[in-house]
Amino acid sequence: MGEKKIETKHSDFLLPSSAARTLVNLQQVEKIYPNGMIAVQDVNLKIKEGEFVSFVGPSGCGKSTIFRLITGLTEPSAGRLEILGGNPEAARKSGRLSFVFQDATLMPWCNVIDNVMLPLKLQGIPKIQQKEEAERVLELVGLKDYHKSLPRQLSGGMKMRVSIARSLVVNPGLLLMDEPFGALDEITRQTLQQELLSIWGKDPKMTVLFVTHNVFEAVYLSTKIAVMTSSPGKIAELIDVPIPYPRDSDFRTTASFSEIVTRVNGALKQ
Amino acid sequence: MASDVAKTIILSKKGSLRKQFLYKTFRSEIFLPVLAFLVFITLWQFILQLLNIPSYLLPKPTDIASAAFENGTNLIESVLTTAIESIFGFLLSVIIGVSSAVLLASSRIIEKSIYPYAIILQTIPIVAIAPIIVIWFGAGINSIIVITFLISFFPMLSNTLIGLHSTDQNLKNLFYLYNANRWQLMWRLRIPGALPYIVGGLKVSCTLSVIGAIVGEYIAGIGGSQGGLGYAITSAAMRLETPYLFACGLSASLLGISFFLVVNYISKRLLSSWHESEMKTEN
Amino acid sequence: GCGKTVNTTDSSVSNPKENTASSAETSGEPKKVTQVLDWFPQPTHGGLYTAQVKDFYKENNLDVTIQPGGPQVSPVQIVSSGQAEFGLASADSILLAREQGIPIVGVAALLQKSPSALFYHKGDSIQSFADLNGRKVYAHLPATYWKYLKHTYKLDRVEEFQFNGQYTNFINDKKSLTQGYTTNTPSSLKKENVEVESLLVADSGYEPYYSIIFTTEKYLKENPDIVKAYVAASIKGWDFYKDHIEVGSEALKEVNKDASLEELNDEAKLQKEFVYGGEAAENGVGYMSLERWQTLNEQLHEIGELKKNEDVQKAFTTEFLPEK
Amino acid sequence: MASDVAKTIILSKKGSLRKQFLYKTFRSEIFLPVLAFLVFITLWQFILQLLNIPSYLLPKPTDIASAAFENGTNLIESVLTTAIESIFGFLLSVIIGVSSAVLLASSRIIEKSIYPYAIILQTIPIVAIAPIIVIWFGAGINSIIVITFLISFFPMLSNTLIGLHSTDQNLKNLFYLYNANRWQLMWRLRIPGALPYIVGGLKVSCTLSVIGAIVGEYIAGIGGSQGGLGYAITSAAMRLETPYLFACGLSASLLGISFFLVVNYISKRLLSSWHESEMKTEN
Amino acid sequence: MGEKKIETKHSDFLLPSSAARTLVNLQQVEKIYPNGMIAVQDVNLKIKEGEFVSFVGPSGCGKSTIFRLITGLTEPSAGRLEILGGNPEAARKSGRLSFVFQDATLMPWCNVIDNVMLPLKLQGIPKIQQKEEAERVLELVGLKDYHKSLPRQLSGGMKMRVSIARSLVVNPGLLLMDEPFGALDEITRQTLQQELLSIWGKDPKMTVLFVTHNVFEAVYLSTKIAVMTSSPGKIAELIDVPIPYPRDSDFRTTASFSEIVTRVNGALKQ
């Protein structure tokens, strides 16, 4: 589904042009939680506008923490952190940020569509448009029959899909997704991967940061893969995936695909 | 696993389940409470009769009932007066309690600076400020309502405030990242999230408002209006009509219980769909 | 004509004009005044309600609102704040108020002395207040009368309990005493088959005037006509009530729905001696004398309730009482 | 994203963060409330002075302070007496309130059958049952404590009950599947989960207990040196010593505020590690 | 790690001997939630003692619902349900049930070790033993340094591992795991798979029901795979995995492995 739709600007180059602005810039960033836990240390990371960067790494290595730092939900204990040359606060205020938390994080007192419309509501978009957009993304994640359901009436994977729909209802400039597809079956996952690539492909400036435990997924989706190791959390390697888009499903069977998978797995095993 | 377990087959059709449910509801919600009430009343009656306790000390239910019956119209009038006073006082305390909680919750500094005065309002003995209340609001119903408010607003304020501070951190992050302003954060997240606590405040506050109205009648007099239960209780006490005194006291309680049931009903409707404390069916 | 002033020459109070009543009448619009009571409507307010229903106030071109009090209502504060023109208070309260700088003045004493008494169970061996030592007494503990009794009779071994408006604990303890009013307590107790005897507080020598109509110095100075008219009509009401108890009782019943006519009548009868007896028999209802005010003042100083040396003469005036 | 955003560099060392934090805490927790208090007191003083309102109507802070000073020892004694009564009454209401909530929560039938009587206890005017209390518990401190209890226990009961009914359904399932008995369910799950609500009850209840003790003194007080603030207030009101009356009233408030602060401190310690309402640091 | 340990009874036969007792027996089971949602319908399933049955199927097809039915957390709207010939209530009371919910479901006010000790506490096991056991399983899931941490101080995957540890702290006869490894990286996942197989292998009567979205995982672990389809949820196919244990990691590269994977994927795609 939708594979043909990906006839986009991104197909014109292997990687976002080197002229693209630096969107995210972490320099020697360290995060020590109040209980003394060193979550990440010496993190250096530059992400250009328009990239699709996946983060892989063992459980507890600090992937979510990096997302929290980038969005400004937590402050670094040391180091320097710039989002588009400014601080996370300013980036957030620009209103083009969107994200999927590791937990679905739905309002239990609102039904599915109200939960999905939330970002639009907060932006003050007209009601009718809110609804249209929400219905569109709910269809995308395969939940169009569940508008009126309450979160507690959904299965685990369905909740996560509502959360994904909510992140896509706005037109994000920077999209952060923390294991969005972890609770989904392979078929749903692949459909959503295509949808995500298609949305990303349409806007050459859209940047996606993506956490996954699935190396195939990381390689299939990303322009770059940040491989992390733990204790303390560090970025061990930043691996380029120099394959042009659209990548059809045959890509998964190519030699370059398996080569990169092997490289990522190798980096992970260190 | 234990293999000696008797074979039990669960084979239930929807219909029979529903019937069973209705029956159970009836049993637990109506039948047993009523039974408990009857037992309670009967015991009360017979123990007093047996011990031969005089009615001026602790009247028997029959004494109370007949006293209530004899003074029927008066009693009803008193109850109505007190009911009106307490409803207004209660509404005031809900409105002012919740809105000040919202105000206080909007800033830590405001909270720290103003909260102590809310506690003062709650703990200052009403008699101490009664004259000022009467001077500002006139004797009678206005002052009574103000006193009712003073007595019942703190639980609203305190509970609502705790509720507003209990917002789920993940949802708060969500709103923060989507640039919610204070207003949106308050209305769309913090207040709905605080509802279970607000309901807790309502339950305490609505019963306190009955007490408040009665105390109010003591302190601010009955003004030009009809005396309520506070007045009836004082005069029954003076005239040593203990059974009627109890009738008045129990009427106050019934008033409190009715308020409570109304609040309970509203809370069920408000929360039933999502909050554990009011969810009935299997989740 | 000008009231027969017994003692007051207070220059701050201008001489009321002749024939106040008719002059108030001719000034057009009825004057609105409010009278705050010291309790729920009861026979000690009978004359006032009689004046109201018999239109005595209206005749004097007054539009009077009678506002019932209650257990914690303070007429002194309501009147001194200007929320009402007239209040009811006992003489000791007026002196205590003036000690605190609250400028109120009594203008007519509706009860010459208080019907307050301490009750004990019939047959109990109590002869005088001195016998209270060792007993339980339910009384309003901060009240001046109780402090006076304690002081005068050296009641340092009394077990004092706060009186909470109920007689139950008294009934239950045959050796205890309770405060109450001779006008209604015995009949209430009788309903429960409790026979009692009493010591009238006034018999101890402590007898402040009771239920005094008072107003503020300022109001008195600015509206002598109205005060005059109001006092005159009120006293007229009391005089009428004396012989037509049922009129007052009916009126009281209207506003005190829990009382029965019979009770109101009985109480009014018992109360007559306090209203119309003593010096009032001679000088008319509302009469007050400087001697008794002075005695009270001395007593209150003696027990330490008053400390300053306020001029007793300023605390009351009989100037506004109608001529007898 | 907005490209015209000024470059801001976040470069903070732990030390400076901590200092900043302490400074902020100082500013919001101490400095501003104290400032607010001073402003409040000054305004009160000057407005009354300007409007020339006599002290018998509404005393100025200076009047109140000097009245409190003059009657210093008496005031302190009264405060101590009332403090003891309210502490005992409060403890009673916590113990009985929480344990009856536990009892009620253990069975829907018990709850339905007994809860109404709890509301009756809360709403029945104390004067009505004062004589029985005095007969059963004797006049003086015992009865006062009982009355304090009656006035302050309902918020404990009601809040705790709501809390016990708010147990997370998933955790309940967990306990159920691991064969937890009622007791374990209550102690290991429902009570810890209800703590935020229990704390809400404590906050309301501790301030009500001060009121309760004062009301108790009115109703079942005894004379002599034992009179607490209730007695002092009645007596000041009787003698129309408004400034001292206010001094007593405000002392009652201070008592209430101190209780509140103690409860607040305890609640912070109890909940700080996990409940949103008391979590301070970033999560 | 631990691959050699799996020298167990299970290696003696391909599938649990046909003489084994029927542990779970669902006949024409249907579950309609109060809001009218038909979660599962016409479910027929027989599970023998000692089996390892995986459930795969699209998000929302009723996997969790079947678990809820088997544990007695919810009652079937129609059909017949027997656990060891009795009802779920009796099975639960036997005390040999254990499970991992789809959410970590930790008590927020208890630290990690207290959370793990819970099932033992509820059984009234002596305190010292509780601690020993808890430490053992925490080591197993790689969290031995986090005894004193509170749940909110853990990452998503770590919470899930605490939940897994809790399910293994007892000696379960029937273990139900609802996507236990979904939030874990590949390496941690494989370690835990081995641990799980080793535990299961030691007790020939231990039965595991396992939900996963990872078909490889399902095939690698299970004796049988229940493939579900949705709307309404049904068991489309019950696929045997007739490969003896211990299965070493080479098994993943064998032809029979890919054949079964293909069969499962085929059934899923229907």
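Lettered A, B, C, D and E in written order, each chain numbered from 1.
Following the convention adopted for this analysis, a residue touches a chain if its C-beta (ideal position, glycine included) is under 8 Å from a C-beta of that chain, and two chains touch if they have at least 3 such contacts.
In this text, all values refer to a predicted model and were calculated from it rather than measured experimentally.
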Number of hops, chain C to chain E, where each hop joins two touching chains: 2
Among all chain pairs, the one with the most C-beta contacts: B-D
Distance from the mean Cα position of chain C to that of chain A, given in whole angstrom: 84
Rounded Å distance between chain A and chain E, as computed from the means of their C-alpha atoms: 30
For chain C paired with chain D, centre-to-centre distance based on mean C-alpha positions, whole Å: 41
Averaged-CA centre spacing for the pair chain E and chain D, given as whole angstrom: 49
Junction residues of chain B - those touching two or more other chains: 57, 127, 131, 135, 230, 234, 237, 275, 283
Residue list for chain A, restricted to those that touch at least two other chains: 73, 93, 97, 103
Contacts with two or more other chains, residues of chain C listed in rising order: 72, 74, 77, 81, 165-166, 168, 172
Residue ranges of chain D in contact with chain E within the complex: 170-171, 173-180, 184, 188-189, 192-193, 195, 273-275, 283
Touching residues on chain E, where the partner in the complex is chain D: 71, 73, 92-93, 95, 97-99, 101, 103, 105, 107-110, 118-119, 121-123, 150-152, 170
Touch list for chain C against partner chain D, complex: 72, 74, 76-77, 80-81, 93, 96-97, 99-102, 141-144, 159-162, 164-166, 168-169, 172, 305
List of chain A residues in touch with chain E within their complex: 33, 35, 37, 56-60, 63-64, 102-103, 149, 153-158, 161, 178-179, 182-189, 213-215, 265, 268-269
Of chain B, residues touching chain D in the complex: 27-29, 32-33, 35-37, 40, 57-58, 108-109, 112-114, 116-117, 119-120, 122-125, 127-129, 131-132, 135, 154-155, 158-159, 162, 165-169, 196-197, 199-200, 203-204, 207-208, 210-211, 214, 229-230, 233-234, 237, 245-246, 248-250, 252-253, 255-257, 260, 275-279, 283
